[in-house]
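In the two complexes that follow, subunit A is the common piece, with subunit B as its partner first and subunit C second.
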Partner chain A sequence: MIAILIDGIVQGLQLSLMAVGVTLIFGLGGVLNLAHGQFAVVGGIATALFLEAGLSIWLACPLGILSAGLLGLIVDRTLLVPAYRLHGEERLLLGLLITLGLSFVISGFLDYKYADVALTLHLPTASVNLGGIVVRTSSIAVALISISAFVLLFAFLKGTLVGKVVRSIIQNERGAELCGIHPARIRTLIVVLSTMMAGLAAIAQALFTSVDSEMGGGFTEFALIIAVVGGVRSINGTLAAGLLLGIVNAFASYLIGAYFTLLILLAIVMATLLIRPQGLFARLT
Partner chain B sequence: MTSTKRQRFDRNALVAAVLLLALLPLAFGGSSYYMRLITLMLVYAIYTVAFNIVFGYTRQLFLCIGALAGLSAYVSVILTHHLGWPPWLTAPLGVAAAGLTGALFSYVAVRRGLGIIFVGIVTLVFSMIFQNLLFGLRELTNGETGLETRGIAPAFLAEALPSYYFILAVLALALLLQYLLLRSRTGQAFRAISDDDFAAELAGIDVVRYKVLAATIGSCLLGIAGVVFAYQSGFISPAVYSFVSVDIVVLVSLLLGGMGTLLGPVFGAVLFTLLDEIVRPFGHLNVLLYGIFIVVLVITFRHGIAALLDRLFRLRG
Partner chain C sequence: MSELLGLSGIDAGYGGVAVVRDASLEVAQGEAVAIIGPNGAGKTTLLKAIAGFVRALRGEIHFAGRRLDTVRRHDRVRAGVVYVPAERDLFPQMTVMENLELGAYTHFKTRAQRLEFVLQLFPRLQERRKQMAGTLSGGEQQMLAVGRGLMANPRILLLDEPSTGLSPFFVSEMYRQLDCLKQEGLTILLAEQQVPHALGFSDRAYVLENGHVCKSGRSADLLGDPIIQECYLGVA
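Showing the complex of A and B:
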């Protein structure tokens, strides 16, 4: 039972890592990024290519993550500019459509060029015994990666001046602008940070299963669902929703099988949206 | 342009478009491949008109176009298969199911004050649930293989030309309905809501009622197109009504043609069909090309072909 709980928590952490970028970009840029999973896959595929080129894993992973961030930078500075010129719902809509197109561009390109590339990472030992419970080393690694990423993110947001600026823009873009903050630069920073976290999440995923060019759509779906269930502007909410869905998913798959689990998860999401549209954990911001 | 002139222009454009579509089989009638293609084009034109009513006029982002059309089709075909009821009895039941589901989503969404994104996500999740149910309820839906409708379909829908004109008639009725709606008080309310629903509410417009009305009409149209296509094409499967094969195509078509315009949906569906034929030979690259196309389209001209043509005509008139 505890093993399942641990599995669920680890899975939840990894899902939150994927979803937190959606939350950040939406909160800060007012754009719901429908290509988020594709950014993750770009990170994963780039890492695989660097590994193939003979780089060590300690070099290939950071370079892969940077590649995802670099793509984020380019997209933010070119494709999303027309969306940023608009405000409110108009921006949301245009951003939605641009990132939808972008998700096709990235998926189509990867499918065409790198259909046979996949990232799989193996750790030297498969599992360890922690006080009577057998835990997979990949679970420990993913938990460590996700927790340290979140700790760094919270330290950045709460502890630094730039972090304070970020939070002020999330609360009110116009207000922040009036205080002399230039949102565009912060936005670029956050988009790069978010896409890098997506790349990291793909590498974490590669510790469990292989990551290939076709997984972008699925990643995006889960990231969106978790971001929305958690309250799409709340980072704590995203983390909580990811954990909750991860744990429900682990127990339900164990008890009633994967098919009904998916239906239950989707039903939970729909109920949440209809009953508490501000998100389950919106108060925790 | 004055409003009566405007109305006459709209009406003439509408009649001209339907007549042009009616003449299409003369050009393509010989080839069964092109007949199937233009029939499919009409079905997508109806989907797009329906989506235009829901999204273009009342800003409800329904990302369950395929799911609603599929719901109607599956309800009808399953009832016909398992209970032996005739299609003319089960088809209205299917349409009613789609209409009720759409109305319910709209009512709950408006009542709870969900923003455009939330409506999008709720309906997207509904699409995912629907697809999973189709795969899971194997004994009813026959999983990914789908169900044959060849034997149970009305005879005239099995032939190319009669079915083309039947679907064209449905499209013409949908366009007429859209035209009449927009000319009426309802149309004024729709325009006010699409500009700013808060302001519309303050101006005394019953926003809940009009949004639910638009969603119900749109969903019923989706249901009609879905069920007619089910009997016309000879089989139904989850892929026929999937998010990728319906929702995205319809969204792009509407953008291409122009949101909230009378004939935009038809232009869009026609252009998309053309585009699809051009891109088809590229095989693996077509997803990439679609993507580039969508991005360029939404960035460069967001108001669509219909607005462009309208501007040209207005410059002259």
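Showing the complex of A and C:
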């Protein structure tokens, strides 16, 4: 049971890494990114291609993450510009359509061009014994990756001026403009950061299972589920929801199987939207 | 006294529909000027046009000898045009100190001495420095909004209805503090429905009705004007 709990926590951390980007882009840009999982897969596939080209893993992974960020930069400065010109619900709606279309294009392109490429990462030893509990080394690695990413993210948001600027825009965009802040520039930064974190999450995923061109949709689903349950403007909430859903996911998969697990997760989303539409943990910004 | 801010023939409004029409006004360096008028007269729209939150459809705005209406709004803040709206637009889940710090965004390196000044002006903010802005009382939030504006090193402060939602005690307190700022030489343009306070505080005033400037003059004279007395001061 403890092994399942650990599995759930680790998976929750890794999914939070994916979902926090959805939260950040929504909070800052007012766009719900339906292609977020596809950005992750682009990071994963790019890493695989760099590895195939003979680069070491220490070079291939950062380059793969940068590739996801570069695509994020391009999309932010081109495809999303018409959405950014609008405000409120109109921006949200156009943003949904644009990112939905983008998710098809990316998935289609990867299926067409790189259907046979997959990223799988193996660690030298499969498992270690920690005080009587056998833990997969991949779990430890993913936990370390996710926790360090979150520590860095929180240090950035709470401790640096730019991070405070990011939070200020999420809390009150006009208030930020009154301070002389230019939200568009910060928004671009956040889109790049978020898509890079998605790329990192895909690499973490590759330590468990291989990441291929077809996984984008699934990643997006999980990221959206977590972001909604956590409160789509709350970063702490996203982390909490990721952990919760990771644990639920691990136990449900173990007890009743993967298909019903997704139903349970979606039921949690629906219950959240009915009872606390602002998100279960929205208070914890 | 030299002109710091000048509006000539400004039309401004939302979605291409002018709320303010053909408004002209000027504010000299070091002056405190009030815009008074009933609800919906266009006072807020006029301030927003100066701050860049509403586009001027016609006319020109000049600030410190330069064209202002073509400048993007975050650059207007940098130039010293700082707007404090009636809604305050604070960052509710950040501390008082963080709010003030972000106010200094455009002049971040020199923030220390302004912070000292703001905390001296509003000692309550000093007491609440670690509290979340969203948990402050209405009066304290207004102090924080003005304080955050001051952190931006304004050359002119555009204040919209600083008395909104405040108890009479806090309104008097706020005007006492604004008076201190005026004594310090800060240029202030104020929109206000509480006409007695606004005229008592300012040097000059413009009366706005239905988007038109229908009267202007020295505040002391307007206080004695029979029409103003009847319409705005409730003296029949």
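Assume the second predicted complex is superposed on the first by the 285 of 285 C-alpha atoms of A that agree within 3 Å, B and C clash if a C-alpha of one lies under 4 Å from a C-alpha of the other, contacts with A are read in each partner's own complex, and residues count from 1 in each chain.
The rule is short, and it goes like this: a residue touches a chain if its C-beta (ideal position, glycine included) is under 8 Å from a C-beta of that chain, and two chains touch if they have at least 3 such contacts.
The shown structure was predicted, so the numbers you read here are calculated from the model rather than taken from an experiment.
In the superposition on chain A, contact is made by A:228 with subunit B only, not with subunit C. Look at A:104: by the touch rule set out above, it reaches subunit B but stays clear of subunit C.
Once chain A of one complex is fitted onto chain A of the other, the partner contacts of A:269 are limited to subunit B, with no touch recorded for subunit C.
Of the two partner chains placed around the shared chain by superposition, subunit C is the only one that A:165 touches, whereas subunit B remains out of contact. Subunit A is touched at more residues by one of its partners, and among subunit B and subunit C that partner is B.
By the touch criterion defined above, A:157 reaches neither subunit B nor subunit C. In the superposition on chain A, A:174 makes contact with subunit C only, not with subunit B. Contact with neither subunit B nor subunit C is seen for A:140 once the two complexes are overlaid on the shared chain. Interface residues of subunit C, counted against subunit A in their complex, comprise 51, 53, 72-75, 77-78, 82-85, 88-94, 98, 101-103, 105-106, 108, 148-149, 152. For subunit A in complex with subunit B, the residues that touch the partner chain are 32, 79, 82, 89, 92-94, 96-98, 100-109, 111-112, 221, 224-225, 228, 232, 259, 262-263, 266-267, 269-270, 273-274, 277. Every residue of subunit B that touches subunit A in the complex is listed here, in rising order: 59, 108, 112-118, 120-122, 124-126, 128-129, 132-133, 136, 248, 251, 255, 284-295, 297-299, 302. Of all the residues in subunit A, the ones that touch subunit C in their complex are 161, 164-165, 167-168, 171-172, 174-182, 285.
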